[in-house]
Amino acid sequence: MTRLDLEGVGFVYPDGTRALDGVDLTIGAGESVAIVGQNGSGKSTLVRHFNGLLRPTDGRILHDGEDVADVRTAALAARVGIVFQNPDRQIFAGKVRTEVAFGPKTLGRSATDIEAATRDALAAVGLSDAADANPYDLGYSRRKLLTIASVLAMGTPVVVLDEPTTGQDARGVARVQQVLAGLVADGRTVIAISHDMRFVAGSFSRIVVMGGGRILLDGPPAEVFAEPAWPVLASSYLEPPYAARVGARLALGSTPTETALVEALAARG
Amino acid sequence: MPVTPSPYHRLNPLTKAVIATVGSIGAFVLGGYVGPIAIMVIMLLLAWRAGVLARLARVSLLLTLPIAISVVLVSVFTRAGTTVLFQIGPFDATAEGVDFALQTLVRLFAISLSIGLFIMTTEPRAFVFDLERRGVPPRAAFIAVATIEAVPTLVERATMISESQRARGLDTEGSFLTRVRGLLPIVGPVIIGSLTDVEERSLALESRAFSRPGRRHLLWAMPDEGWERVLRWVLFVLLVGAAVARLTGRI
Amino acid sequence: MLVLSGVSYRYAGYARPVLHDIDLRLADGEIVGVVGANESGKSTLCLVASGLAPGSIGGALTGGGLSIDGEAMADKPLHEFSTRVGIGFQNPATQLSGVTGSVFEEVALGPMNLGLTQPETVERTKAALATLGIDELWDREPRRLSGGQGQLVVIASLLAMRPPHLVLDEPTAQLDPEGTRLVGEALRKLAASGTAMLIAEHKTDLLDDLCHRVIALDDGRIAFDGPAGTVLEDERLVALGVDLPSRVRVASALVSRGLDPAAVLA
């Protein structure tokens, strides 16, 4: 289990762009957290600090209370797995199975472990039947699921997904939701960056809203998508999900998901 | 029209290209010390006039240094010669080797300065538009400029790919051997990704009549003074003269 | 009017067609949405409707053909399509030419390729930027635009060719919410300008807003074709892997709880 603590984290790119500005954030073991905000708000920069791909220019990052400034990325990768947005910036192997085995292999797992992890990860994303296929014969959404499997196979206590639903159809989104639920049930921490407000409202217990390299809002969906928070959302060009807007219009309180909306309506009679 | 900070920047792109070509081929053809050093001095003076002296010197050093070091090591110690200067283990450093290394070095620097000056003072697309105006097929011109302009994208892509592999535990900070082993997972996606991008871009460009044959009118006029044309011919003739003199053994 | 009649198409190197017997008419000024699961043939349909398949990417029409304004398009050189039908894709980065230094030059590239004179090119470029309301971006460097702005520039570049038909393959898929909003607004403006559009999208909320008609693809065949309101309210779309629009999902959830959507959402 790994708890992540960020203390006053700031990050300035070499060209002088400030991407993060005094970020304080704690993500406990087993939490499911969505990070939202427009492009350039600092989401991607933030998650790259979790496994040391980027090192803070101010402040510090702690894993279970230990400062990781001197721990190499290759070692941090065993604790925090990150699935990046574009599958084609990652896939290199000629076979699906080899691609998935790459992570556990670089982490030095045993051959039996690697095989079992690969099999389980492929099953989790529904790609067992494609284990021997060439990744580039799969369509975009299946390639994307493949990159998720590649990180699942590493068995990291923390799994970060950058835009897992981009380019997915309804079935793909449902599959991603199922994978996330499985991770949470296993007690693993799940963190996702997403532009899809309906997805985050329905699948995460906590939402962090970023803008201009800072955390603007941090709370459960019902709080972040409640009417009083709308002006803050708007400042990062975000719109609450449809259900939340309808709920507010009908004065039903905060109804971030369609289920919540219908429940609230039914309760009112 | 892009902003042009110095009169040298404002020269016709072809003139600058000719200066770069004559400089680099000239340094190669002339050999020895005087020619290449003269070319180096001219390029540095032009760079100073164009306000890019410091940047050009730095970039040219950075680019040339790795090659220069290997050239020096290889030629100083392996070139057969009669005058042995000193020995390291089984290797003899010969005076002939040192001479050869120095000659190669001045050529290398003259070439990198010539090309570097061109790149730093010329907008690639201005160059291509100018070539197009002179009758180079637009497709060839496009490929040339797209290749040059693709470098930053390629670097960005390689960075992202290396990030996603490091996130899977790939050690790019370790020993030389570990790094070499780590190359495949990075190079593979770089190549595949570039090919897909090229394919997508060519489809997108078809929708903008890219493959239509025939003339195009430029959006703006391209400067090309009469004296520049004369200068280009003079430089060209000088280069041919040098090559002929070299081939016939006169220099 | 763009017409696909009985079109079947297969990619090079594959025996099995990806599209089967597609009949599709895109009338002048009409906006048609295309929905379907991934790999149901949406992108291929876009490529075929714009002539890029088989024209540029190869493969073969194994049946039927494309005609525009009554003219059969088979055997026409590719550049002749550009003034009749423009096509836009997901990713602005790979659609921008990568060879221009400003948005103005980027949008002007197409008209220049048509061999128009400099004043004509300038006029068309200005008009295209104005239609989408992005005049103020004219001197920006294309590669430094946000995703949404980049996508607007791509669409402006197509508009500058003055095609009566536009095909857009998931124009908002890669964009953040602000980019999606920008493109959505631009498409509304375009709809008002009379350009006919064929838009493939997963975001049915957007199609629900924009389209006159929607077709649903299932494994390369047209499974549903009808007025946008009717098709997007059809629960059978869910089985095809298509998300119904928010308003439809909420309404049907209300009905299942014995509530009347018309009454409670009024």
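Miscellaneous remarks
By letter and in written order, the chains are A, B and C; residue numbering begins at 1 in each of them.
By definition in this document, a contact is a pair of C-beta atoms (placed from the backbone, for glycine too) under 8 Å apart; a residue touches a chain by one contact, two chains touch by 3 or more.
None of the values given here were measured: they were computed from a predicted structure.
Under the stated contact rule, the graph of chain-to-chain touches is complete, every pair of chains being in contact.
When the C-beta contacts at A-C and at B-C are tallied, the pair with the greater total is B-C. The distance from the centre of chain A to the centre of chain B, each centre being the mean of the chain's C-alpha atoms, comes to 42 Å.
Centroids of chain A and chain C (each the mean of its C-alpha atoms) stand 30 Å apart. The distance from the centre of chain B to the centre of chain C, each centre being the mean of the chain's C-alpha atoms, comes to 41 Å. Residue positions of chain B with contacts to 2 or more other chains are absent. Of all the residues in chain A, the ones that touch chain B in their complex are 48, 51, 53, 72-74, 77-78, 80-82, 84, 86, 88-92, 102-103, 106-107, 136, 147, 150-151, 154.
Per the touch definition, chain C reaches chain A in the complex via residues 36-39, 90, 146-147, 170, 173-181, 202, 205, 238, 241-243, 246-247, 249-250, 253-254, 257, 259, 264-265.
Taken in their complex, chain A has these residues touching chain C: 38-40, 139-141, 166-173, 195, 197-198, 237-239, 241-243, 246, 250, 258-259, 261-262, 265-266. Within the complex formed with chain C, the residues of chain B that make contact are 2, 123-125, 128, 138, 142, 145-146, 149-150, 152-153, 197, 199-212, 214-219. Chain C contributes residues 47, 50, 52, 55-57, 77-79, 81-83, 86-89, 91, 93-95, 97-101, 104-105, 108-110, 112-118, 121-122, 143, 154, 157-158, 161 to its touches with chain B in the complex.
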